[in-house]
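Next up: some structures, all given as structure tokens.
Each of the next two complexes has subunit A plus one other chain: subunit B in the first, subunit C in the second.
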Partner chain A sequence: MTIEIATPSPRVSPFGRVRSLLRRSPGITFALIVLVLLILGAVLAPMLHTVDPAQINPRLRLRAPDARFWLGSDALGRDVWSRIVFGSRISLTVGISVAALSLITGTLLGLLAGMVSWLDGVLMRTMDGLMAIPAILLAIALIGSLGANLATICFAITLPEIPRVARLVRSVILTVKTEAYVEAAISMGTRLPGLMWFHILPNILAPLIVQGTYIASSAILIEAALSFLGIGIADGTPSWGNIMADARVYFTLAPWLMFAPGLCIALTVLAFNQLGDGLRDLLDPRLARSVRSFS
Partner chain B sequence: MTGPLLEITGLSVRLRETRKPVVKCVDLSVGRGEIVCVVGESGSGKSVTAFTTMGLLPDALEVAGGSVLLNGEDLLSSSAARIRALRGRRMAMIFQEPMTALNPVLTVGRQIGEVLEWHEPQLTKQQVAGRVLESLREMNLPSPALLVDAYPHQMSGGQRQRVMIAMALVLQPDLLIADEPTTALDVTTQKQILVLIKSLVKVRNIGVLLITHDFGVVSEMADRVVVMQSGAVVESGPVAEVLSAPRHAYTRKLIDSVPRGGAVIRAPVESEIVLEVIGLGMTYAESGIFSKRRSTNALVDVSMELRRGEILGVVGESGSGKSTLARSIARLLKPTAGSINLHGVNIAQMGAGALRPHRRHVQVVFQDPFRSLNPRMKVGRALIEGAVNFGVSPDDAAKRVAELLAVVGMDESAIDRYPHEFSGGQRQRLCIARALASRPDILVADEAVSALDVSVQSQVVTLLGRLRDQLGLSIIFITHDLRLTSQICDRLLVMKSGEVIEQGPTAEIFGQPRQEYTKMLLASSPQFLNRSAIS
Partner chain C sequence: MLSFLWKRLLATIPVLLVVTAVAFVLLRLSGGDPAAILAGDSGTPETIAAIRMRLGLDRPLIVQFVQWCWQLLHGDLGNSILSNQLVTSMIAARVEPTLVISLSTILLSMLIGVPLGVLAAWKRGSWIDRMTMSVSIVGFALPGFALGYLWIYVFSVKLGALPVQGYVNLADGLLPFLSHIVLPTLTLSVVQIALIARVTRTSLLEILSDDFVRTARAKGLPERIVLFRHALKNAAVPIASVVGIGVAFLIGGVIVTESVFNLPGLGRLTVESVLARDYPVIQGIIIVFSGVYVVINLLVDLSYTVFDPRIRY
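Presenting the complex of A and B:
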């Protein structure tokens, strides 16, 4: 079919658009519910029938779930419910800050590589080198040398994600750069920063946002893995990974200890991935156009 | 002839979700050995009608009523399996874009062979190969024996479209549906494809439903015409009748928008020269580490001049170097030889910094209106960018936006909208407005109307002519379609393989073309050549 000739399409209010988006993609609805609950839990942690997650009570160890210990108690008699609620703070912080950090740094590097041709080779080969190091090994080495606190862990997980974002950004730029509107802007005398900020960046945002959700979910998994291995956040601060690590030894005695944090990790990762899938469908202009051209 | 081959009665199609009708109560029929053209602008429902017939309706649409009979068999009530069997055997379809309709990783021979293997499994390998070769030969393709092993990207657009037709006809269907089969092609190639379809109708006695937006094509091809507007048939009848005495206002509008041959004679423009190109050359060097150095000459010793208030048409087929010339003048490319004197300053080899102040004088309007506006930038913002870049304050630039929109015939309400809210023709107007924002002397329109419907083309061409008259703008109008140049161009430049082979006043080139190539270009344009014979 040739190009549509019509009056400007009627405008849809942002609210109406969000509503129709949610109806069309149940995945996003699920993801949003889970993530909102998680964020509420992390913010309101002290008010949700919780006690101090570090409080030890040796007399009440390895209790099965009951009215006092909603999810049982661990080997030191600490309340698992409280530990999981407080642990969500770690997971969410790691997920969101790693996604934000790697997106910002990676986008900057990708923009430079895509737009400034003499930087392209140097930057991209550095990124290739960085990608050759396994993420977990790099994280272990960094945490080993810098000490295990939240900031180092975020940095250690961010570093291997940067090249992925940079490469994505660069590859998208290579196609966007040849679009006629970019050439038009060049012939209108727009300088490089304006070109990047107004013409390139807004048009590569969609794949970036999607990539961000995937990075968040993988960061949560890596943090849990590091804690599980005993090289993440120290035992004093609960995180889903170290709750599972503690529970591992008592798996035959108190299997419920492992299920709850495991389920939390799985649900959170699933929610972020669903959000990513949903956003990818929604932000894909081709999809949007095919819906519009028949309406 | 017993009954029509295809008979569509009262067909209605609507959107599944909102039940908004897309096609309303359409009646049409196609007999054997007959070409029926369905004409209308984009969005008139002509493609949807074709897709319904083929059983290829997108999920968002559903049939609301009516019947589609092929050889008396009702297609709408047939099972999916039956439709699949009929597709290819009894009816076949070819599409607008031959590149995307072919599988890029399979050879042409394999793709045609596959169709045969699916539908006629009893054939031996030799028989399939024989049939494939024969079908390519029938399409007048050069050296079909070699083409069998070629991949789609190794062929030209016209060759690919012929392969598509070969594939569609290999099972000897009775009905061929062609959805804008030549819209994406050069005029010369279009002519060849149309001649081919016409001869196939004669030889095979098949029926063709040809969908087009171009009444020029209709007058060359059709036995009968069906004119559609917003989903409904507004007029139909034998081509001679509709062309000579159109009853509906919309039909008249479509017919009038087809550019007529015969150029308007214009007084030569005597004003000062704003742009002078001398001996321009562009060589693309391909230097691989492993392969031998190869070079392609996109431009060879091109010289031209452009005066204030003059429209210079640059005509040629794709690959003739006309786009390279445009991009060199706008300095989106750096030419490898020659000079480009803009107001007496040679900008051909300038670096980015020195070039910037000169960029203001030359602005470009590109071919594809869907890719030439930043989809994430509001129109108002896009229209001040150029002026602000060249030192106008944002407030002053914003004040001019309404004026710019008025110049291109757009409403002021466009300022707050995003590009996707506009149609192709409207976007092209916005692109012109954006180009005018920095008050250029020269506008380069690189195939600026080729992607538009014929009726919209004429509006944009008229607009360009008006801009020359009102603003004294010089315009380089690049096109493969000579018809479009006749009304507005003062002079023409005919290009072939990177060289200028002929130039002169438009009326002269239309009247006495010296080069064979120019004559061929002129002859290829679909026009009402046989109009006198009709009326």
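Presenting the complex of A and C:
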């Protein structure tokens, strides 16, 4: 009698796994390419054929794109390519920090609302009220009161996003709370912190990551809109929105000043949205119902 | 139904309370003495003291808040710091352009978005479907102001067909009026169309696999009737709810779009008053816009019973 020993299937190298994942999801591939290029651009900005983005040169104003000014020059003769490359720092900083801040705060509030029943009503009604104020309007009003710098802008964009996260976390908790394994854990005497860390958090991680990418994309859009309206980052620091704000007066003379940063915003937002959609389908197809890309 | 209406109306009270509380706190967030802020740069110590008396700023915060809410209930939003005009009349004077482009946007995006979504679901996997989905993905990523300038570039600068900016009253002729609202409407509609087309497609796909659709087809009804009478009717509830969600986008979009096209509406008023730190006006706008949002979503909830008689509250 011969005994057949099942040979272990050839192990797929991590590299191969990543490759097959990317092949299955062209959206994630696109998103990763754009975001990696962006991050590289933001970090390596001084080395990418750039000059000081604030350096003015009145004799060379409103130049069309050429070998020296890759994307032309603006009304003060500043190099638009340099301004856009350095401007990516603002967009990425705002997108990532708003996502992180609203995920952390929203998760804490959602946990509190889901676990502490007497807080639930008060917290959730407050969240409903915050959600009734349109995000851009709330951000504009907050900056109007607090003044505009990078920190207040991040805070002003974060506040309207928090209720969405808190609601999501709370709804997951309310469903998880009735699961048998959570009841078992409670009956075995697991304390609240342990319960949250080992049983609740793993369940909300996937929807949170997806929600985070959507928040980053909407934060970048709102920051650009604020800068465009003249309410955001002051003109001294280039951001995609204020490059466009500067371009408004000269639009008929030099339309490329408007479209180059506009395209950058659109591509970045598209990349974050695609990353979110891709991760949502990948992590859990059922998520499609609890997280909506337009919420 | 009536008891639902009551419950739904009562539920809006805490929401509106939070909105007013946020608007109330905004003025205090700026750190300075509210009376000095309200008096403006030209405020003398006497006027500051008078404002402090009038607003009761020496009393506890909660008393001030209740007093402010009491004024709001009487339709008193206070006076502008800059012009000393009533905030309510300032808002009333700027409502028209905003209302016009909002309504035309909702109309246009329903007229395009719903048929597009139906078509995409009906011809699932075809080029129409793929195009609709791609457009809706890109539509979400485009910043409204860049889109606005793209339309200006194409239709006004290159083709010379439409005016670049500005607003003309309906009283000054129908054609000038329409030509000035075409581009703002197009700008605002892209996101709305993306939103509506996507939701229409998804819910229609679900419905088209239902038994009653198969029955309708089996008994030989023309595809047009199956799609628009049987299927679309059942998709009315999700479409209505997405219009409610879209209002939040619309209000945000209006603020930016009015700036692009120089429309003298509420959006411009918002930006002007933030730049001028005219807090009472900002507070008033927040309360008006949020109130509109709350009311529209209330109406959307109520509309479910009309669109789907199976829903009873």
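In the analysis below, the second predicted complex is superposed on the first by the 267 of 295 C-alpha atoms of A that agree within 3 Å, B and C clash if a C-alpha of one lies under 4 Å from a C-alpha of the other, contacts with A are read in each partner's own complex, and residues count from 1 in each chain.
In the analysis below, contacts are C-beta pairs under 8 Å (C-beta built on N, C-alpha and C of every residue); 3 or more make two chains touch, one makes a residue touch a chain.
Source: prediction; values computed, not measured.
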Touching partner for A:Gly189 - first (subunit B), second (subunit C), both, neither: first
Greater subunit A contact set [subunit C / subunit B]: C
First, second, both or neither for A:Ala180, with subunit B first and subunit C second: first
First, second, both or neither for A:His199, with subunit B first and subunit C second: first
Touching partner for A:Thr252 - first (subunit B), second (subunit C), both, neither: second
Contacts of A:Asp66 with subunit B and subunit C, given as first, second, both or neither: neither
Subunit C-contacting residues of subunit A that also contact subunit B: 294-295
Interfacial residue positions of subunit B with respect to subunit A in the complex: 15, 17-18, 20, 22, 41-43, 47, 58, 60-61, 96, 179-180, 183, 213, 330-332, 356-357, 359-360, 362-364, 366-377, 385-386, 389-390, 414, 417, 420-426, 431, 434-435, 437-438, 451-453, 455-456
Subunit B partner contacts - residues on subunit A that touch it in the complex: 1-9, 11, 179-181, 183-191, 194, 198-199, 202-203, 205, 285, 289-292, 294-295
Touching residues on subunit A, where the partner in the complex is subunit C: 125-126, 128-130, 132-138, 140-146, 217, 221-222, 224-225, 228-231, 244, 251-252, 255, 258-259, 261-263, 265-267, 269-270, 273-274, 277, 293-295
Subunit C - residues contacting subunit A, complex: 14-19, 21-23, 26-27, 29-30, 137-138, 140-146, 149-150, 152-153, 157, 195, 198, 245, 248, 251-252, 255-256, 259, 270-271, 273-275, 277, 279, 282, 285-286, 289-290, 293-294
